[in-house]
Amino acid sequence: MTRLVSYDEAPPEVRAVFDDIKALRGVADVNNFWKALAVHPPTLARTWDSLKQVMAPGALDPLVKEMLYLAASAAAGCTYCVASHTAAAKARGMTPEMHGELLAVLGMAAETNRLAEALRVPVDPGFE
Amino acid sequence: MTRLVSYDEAPPEVRAVFDDIKALRGVADVNNFWKALAVHPPTLARTWDSLKQVMAPGALDPLVKEMLYLAASAAAGCTYCVASHTAAAKARGMTPEMHGELLAVLGMAAETNRLAEALRVPVDPGFE
Amino acid sequence: MTRLVSYDEAPPEVRAVFDDIKALRGVADVNNFWKALAVHPPTLARTWDSLKQVMAPGALDPLVKEMLYLAASAAAGCTYCVASHTAAAKARGMTPEMHGELLAVLGMAAETNRLAEALRVPVDPGFE
Amino acid sequence: MTRLVSYDEAPPEVRAVFDDIKALRGVADVNNFWKALAVHPPTLARTWDSLKQVMAPGALDPLVKEMLYLAASAAAGCTYCVASHTAAAKARGMTPEMHGELLAVLGMAAETNRLAEALRVPVDPGFE
Amino acid sequence: MTRLVSYDEAPPEVRAVFDDIKALRGVADVNNFWKALAVHPPTLARTWDSLKQVMAPGALDPLVKEMLYLAASAAAGCTYCVASHTAAAKARGMTPEMHGELLAVLGMAAETNRLAEALRVPVDPGFE
Amino acid sequence: MTRLVSYDEAPPEVRAVFDDIKALRGVADVNNFWKALAVHPPTLARTWDSLKQVMAPGALDPLVKEMLYLAASAAAGCTYCVASHTAAAKARGMTPEMHGELLAVLGMAAETNRLAEALRVPVDPGFE
């Protein structure tokens, strides 16, 4: 079994990260991903710090960022990440119809990615 | 070298697909991907037909669809597809800042995908 | 540049493998893959020995084995391997039409693989 | 939990696809993959339509197509797809010995794919 | 369910491999991987023979080899392999701190791999 | 062509990162990866900051970290990363023999990863 570090047993530097996640997200507890990552406190702190920066609103709105995260995670075949970012995207407003269209894009990308690789298609000069 | 089928040498069923692509996109010629795929006309016709359906405006706008396509293609490591969909997303309005944020999300997704898999994190009951 | 070990500069244990490849395949020289692998003679010898066993005729005929090798290599996105095994499959009798159908299967597999993962579909009891 | 749409609760356009799958395959119910995909009826209909075309007998016989599908799915690491296409290939006549040889080819392809990439082997002029 | 071949039901050529694994590793029974692979005795024998050669002490010590195996398996997203090689690396002396640093390297590699691909960075002349 | 930002045209926040890389590594110029990443200065700064932390000496020595980075990058099929981290590992003392053994481990990991997935091997209770 993967070891999951709970708040109660966590050392102070882990609790500080957990507290920051809970405050920013307004949740009562952190997800298993963070509890698992807490086995290496420096990686926990650095990963959370990076994620907070990357997912902050910017030129792309938070829902689009979440859907991009989901698309990348699904393309990489990460089961946990698909589950967590599907939930997160729904929480940010992804409707069933939007989810269906995201799935359709994912599937077509997978198909054409593989065809392009299997045919070793040369990059068009016009793309540059 | 990958064989690329030009319009001049293409059989009628291939020309019909090329004509449809050119008309819908308002371009003078099709990309290498389609010229390579033309070695198997049924796959060319089916792939274009599917792509046309999937990328049509719907619950997601065309720029978001292109960025999702790019994210999935980059996560899958398809060089040709990254080149073609970066160009397509820029043509639909992706600014350098939006591109930068998309790259940042892609990178973070890759990192957390791998950490979640390497730690074999169990899916949280709350995601379901 | 990748170092490619030519026959002339190769030590005896590498020449022995190169000679065996050339004799079994009836070719004048070995492919770049083997010349690159020759930087580590034990890996060269072990890989060739395994490949020889695996690709020998058995319950599956050599053309089917080559097409399976090509499908797996394309699914893994290995450019060199796609090039070498497309050539090998053609040499064993893969026609353009067979190649086209193989590509179509590859593309559909990629699409449905990703949809199954993105939807986290539970395995049907009947498959077991 | 992934939502699986049963026949009873399915809207007419989903029932039409389910009926077609059941009739073509001579089965009493469709697999979970189709029930999961039914959350987005246009993707369900398009995917089934494409799959039906691609897997129809042609230059490659149905068993070879199923084994290629299995090889591509295993190379992509899709657990559900490995389970479903192993079952489908067995139903079409894949013997334990054929399955063993397919596994051996898959394993060797994975090993040589990675070696070719890690050595960045240049494509031989003769392959073109 | 995956068929796992137990020692009692195994044919002599499988028992010979199982006996060799148990003797070399000093264990009472072999892992599920070998029991599953035993459905194809030639692949079982060849794989074990190769693994024994590759993992023997050499220029790299056994713990480093195990950690490289784990890193490669995690990068490839193989759940079973992550579980088995994490256990094996711990048995050879990987401490929690070493495991944490390995995870951090894995995560950074994933992130920079994807950024390099998404930006299609040209190889520096100085690397060659 | 990928845009590469040179020192001369770089804004101050990019120059600061380039200066830090050059000072820490004792090199006259930064690699293309950093010049490409400089199109999005916040991602450049964050990625370098993370990499510096992760690759610093710790429970694992710098050569082992570089070889793990190389193994993970090769397993992920990133050509640029394989080139850059092979060069970096050699600079830190990886001999040709160590490189050969690393390649052998990579190849075996790829083969057994795929066999474990294709056989859907259940995790042994003893691994936990």
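Chains: A, B, C, D, E and F, in written order; residue numbering restarts at 1 for each.
One rule holds in what follows: a residue touches a chain if its C-beta (ideal position, glycine included) is under 8 Å from a C-beta of that chain, and two chains touch if they have at least 3 such contacts.
Please read all numbers here as calculations on a predicted model, not as lab measurements.
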{"item": "Chain labels contacting chain B and also chain D", "value": "A, C, E, F"}
{"item": "D-F against C-F, pair bridged by the larger set of C-beta contacts", "value": "D-F"}
{"item": "Which listed pair, A-C, A-F or B-C, duplicates the contacts of B-D in over half of its pairs", "value": "A-F"}
{"item": "Geometric centre distance via CA averages, chain F-chain E, whole Å", "value": "20"}
{"item": "Whole-Å gap between the CA centroids of chain B and chain E", "value": "34"}
{"item": "Distance between chain centroids, defined by C-alpha means - chain A, chain D (Å)", "value": "27"}
{"item": "Interface hub residues of chain E, defined as touching at least two other chains", "value": "39, 42-43, 46-47, 50, 53-54, 72, 74-79, 83, 97, 100-101, 103-104, 106-115, 117, 119-120, 128"}
{"item": "Topology of the chain contact graph, where touching chains are joined (line, ring, star, complete, other)", "value": "complete"}
{"item": "Chain F-facing residues of chain B, complex", "value": "77, 96-97, 99-101, 103-104, 107, 114"}
{"item": "Of all residues in chain D, those that touch chain A in their complex", "value": "39-40, 42-43, 46-47, 72, 76-78"}
{"item": "Contact footprint of chain F on chain A as seen in their complex", "value": "1, 42, 46, 50, 53-54, 128"}
{"item": "In the complex, chain E residues that touch chain F", "value": "2, 4, 31-33, 36-37, 39, 43, 47, 50-51, 53-55, 58-60, 64-65, 67-69, 71-76, 78-81, 83-84, 86-87, 95, 97-98, 100-102, 104-117, 119-124, 126-128"}
{"item": "Residue ranges of chain C touching chain A (in the complex, touch as defined)", "value": "74-75, 77, 79, 82-83, 103, 106-115, 117-120"}
